[in-house]
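For reference, the structure discussed in these notes is given below.
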């Protein structure tokens, strides 16, 4: 197995480093961190480590999840292992800023405390290599605006689970736009439909955590054109 | 009315006595409804369509509820229903402004009174404030603005005309949410058996006091924020179904604490732990199944009804369907379901026993979450639970017994499991070996792990 | 496949054999579903949310149907359903542009094929063009643009992948609507027993030809525009319930003509005359009840299921509910209903007989429209009908017998009636005394009355 | 019984004239037409005949209908009897035009053939003394506009039973307004909600034939203010 194959496999299994207790049958074997170290020593390109090793591994995790073989707990463990790897690469990546995939500001809207869906989406995005700024729950429009100003390139993701808070998405988008901010906005949560998203002027919508990475990537692509 | 502070033996120990419409300790409420006294009543629940709740929209909110309750009562009369339970689940702003919740309670109260006088429609009104303590992270359970609002909401709604009080309380959820996503059984058990159980005791001793003061019924709670979150996640294939089944049974000890403090039932509709509570304390229970598909999909549509005393739709928005507004549609479905339950009861043992068996058999083999609701399994597990000394011990025991019983059922080809489920049965067994029954020990373990800063031990008297 | 052109005796003559899941002449269709062969299958029906159907919105219309069918199949697989019937009821523009109806048929066909290959989901697709002949007043039934469109719609949908063809045909409705509002039994009977029956013969001989050509199943029609209009009007207290009950039974002879021309079932879901047709010709029937409350409220929620072979929701818009989109919610409810039917059948006679009795008993006494669906009454009336020589005679006989039986039931305290109903029983009896069984005589009477200019006799071969 | 009482009763019973066969137990007794003749002979004011006798009787029919005692067939018979009376009064009423209650243009919108609800509403309005111009079913916007132009004071009533035709109400209202017509517009039909009516700018909405007369009267009142 090549190092990249090994790295990919360590992400899939969620094995952070040789000392990590999970999965039991890999204890003692090199994990994500160890393999990245080795790869850097062997002068493998950062881009390759990131795209083939980490994101490549996470893509397979995503597939396993979609097919019903993996559940969220497994996915979280892989995401953590991947994040451990990313943390090592980050100081090096800043020197090559074009490598940064993108930033997403995530929050559950005002009045709403449901965050499981939002957290999952955040996790998937991190797994896809995005930086996620999580504003938590019950987030008022001002807080979204503040963060959008600081991150003009970021995509904003809003979640709402209550029929009585989904209207706060409309309000928030209005206020964001009235500040002259043009961040792309995506929304989600059980009661949200495509029609509603169109109605309130959100650029994207999904009811499926698995689709979100693709959705965000497409939005970024269309932005560049 | 207070039950013993500890359960020493099952009130229902024969699985055949765990059946619909009959509870050893019936509850009389509202306009003469006797819940668990030989009939199953529909419980209709509804919520607003897409709109905000604020000063500006308040008049429209009031109109919505007036229309809904009016249409519901009309339909109930046309279908010659012997009685209905109406649940009003507050939305967060209605607990944060307790006066608002009380206003809506009053609207519902008046309309129900009218229809009782005008058409003889018997009814009972359950009011369920929101547990807004969950609005802070980490939440404060016994102090602060949110606890005050929750408390006040109960008082004002009781005063405004509720017949019964309920809540979907959230003590321990701050840990449970995380643990569930990580498949961490120690965290789940700590959240339910320690934090959850402690908060239930605290909270329900207060609710029972308020209920006594206003002479209304302290009905019951639900592990909705826990086990139903797990159920919905399993439905979305986010967690394995066996984990959701274990989490369900592991929530029994937690919800039980409310009844040890004096809650008398009917339990909240979304408390699928109800059958266990009925066996343990003999209280009547509200359940939901196929006719709550409007609120969540599920794999227990029929079996959930096997021993219900009240039958609910959980919730539906007030949107227009082709026939009528959705709450009326839900009510009609519940009423037809109840006609079947009650026709079976009236027709005698043959009929009700056969029907109960059909309800069970039709779901039993397809999902572990259905399997653990079968009266036979309920009694088998509940028998083990009465022997436990503490809520925490009971919670651990629930999880262990559930894993064991699911495994047996799978081996006996009584239950369908997929590969992921089977892998997780193994993973759970391993985890369960190392969870201490000693609360302070478990607390120490949690405090030294990643969940340490997610909760405030002093808010649970720890 | 063609049935005898005249029914001489009942195919089912023992009321106990008129039961769910089993028909003397089962129909095999779609991917190996045997309707009436020992299992009840769910039939899911759906329609667009509020939107127009035109060039500009056509892509969105296609998306709607793609999403609906995808979500339905997914859920059916999760719930491990042994098979589903999907009905696509065209909307008017989809028959006026027959190609559009065919496009949607194709989308549904492809998705059903996919899920069969991928997940083994068995299914059958019923396609129901609109009877757009009703778009003109007085309508032309055998000529002109609207007849051509209707015909073409059948052809293209059959070609595009329908497994079964149905329609809610409207011959005679131009008279029936008026007569119903005036409580005029002569008009009702003329509309159903003369115009309706004649048009059914004409229309279904064509549909059967098309079905044979494309090798699909000519399933069945419904008196929806007649007796269900009456049912909805009775529900709204616009006409007496006894009139709606009489109109229901009076529609039997009309719908029967389709089967005499070769329609083999399953009948259309909204044809509550189904039990009569099952007794008369042994065909399997689709019925709808409590789980079609989304489409219309009713007083026959349980009893409608007593002898169904397919169980339907009639229709629901694709709107989002708290759990999922409404078609998925409906499907889930139907599946749980069917699990009960099928569990009962598998468990053996005791269970299925008891369950059937419960379904009947729970609605029987509350409404005359429920009463006339009871298998016992069905057989009693159907026995009288086989003796009639013409559709018109059969229609008159249906009305007379129904009035008689309802009166008896009321006198025996088996049936609840209110004052208005009782007054109308008398009014109907008087009217029925003077209606001639001779078609040309009745035609003359109508022609000399206020309904004369509402219809074109030549369009019915008169 | 005074003549007005008798007239009222004849309307309630749906007895047109002495020869009318309905109701059987009143055959030979004076009906609506006979009693109006008598009232005119006795110089009773037109207003009184109209309001106390005809409309008064019809009001009671409405009440009986609401209470479930009467059904539509009974109501139609009374409406016919009342109409017979109105026809006699009309030539006299034109001389006192202020007595005319109002005109309503009714139609089922384009693409929709359901007319039972619309017909009922029309009947109730006629019962309430209104003139009803019935455009039938599948009515295109142009036809509504044409009739509105001819009857600038008329209220327009539109009916739709299909979720796929209710949007045609929006279209029709837009076109009516774009022609500068300000007729009040009311809508109805099973799928129509208050919210939808507000959304598309209709002035009134009802799902209940019994309420419609009140609705229309209120609209006319508000117009006059």
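Observations on the structure shown:
As written, the chains take the letters A, B, C and D, and residue 1 is the first residue of each chain.
Methods note: a contact is a pair of C-beta atoms (placed from the backbone, for glycine too) under 8 Å apart; a residue touches a chain by one contact, two chains touch by 3 or more.
This is a predicted model, so every value here is computed, not measured.
Counting steps between touching chains, the shortest path from chain A to chain D takes 2.
Between the Cα centres of chain B and chain C there is a gap of 40 Å. The distance from the centre of chain B to the centre of chain D, each centre being the mean of the chain's C-alpha atoms, comes to 51 Å. For this pair, chain C with chain D, the centres built from the Cα atoms lie 34 Å apart.
Within chain D, residues 163, 191 each touch two or more of the remaining chains. Residues of chain C found to touch two or more other chains are 47, 317, 322-323. Taken pairwise by the contact criterion, the protein chains fit none of the simple patterns, being neither a path, a ring, a star nor fully connected. Pairs of chains that satisfy the touch definition comprise A-B, A-C, B-C, B-D, C-D. Residues 68-74, 76-77, 111, 113, 115-116, 119-120, 136-138, 162-168, 171, 191, 196 of chain D are the ones touching chain C in the complex. Residues 163, 190-191, 193 of chain A touch chain C in their complex.
Of all residues in chain B, only 47, 75, 78-80, 289-291, 293-299, 301-302, 315-317, 319, 321-324, 326, 328-329, 332-333, 335-337, 339-340, 342-344, 347, 350-351, 354-355, 357-359, 361-363, 366, 416 touch chain C in the complex they form.
The part of chain C that touches chain D in the complex is made up of residues 47-53, 91-93, 134-135, 137, 177, 181-184, 229, 233, 237-240, 243, 317, 418-420, 424.
Those residues of chain B lying in contact with chain D across their complex are 49, 320, 322-323.
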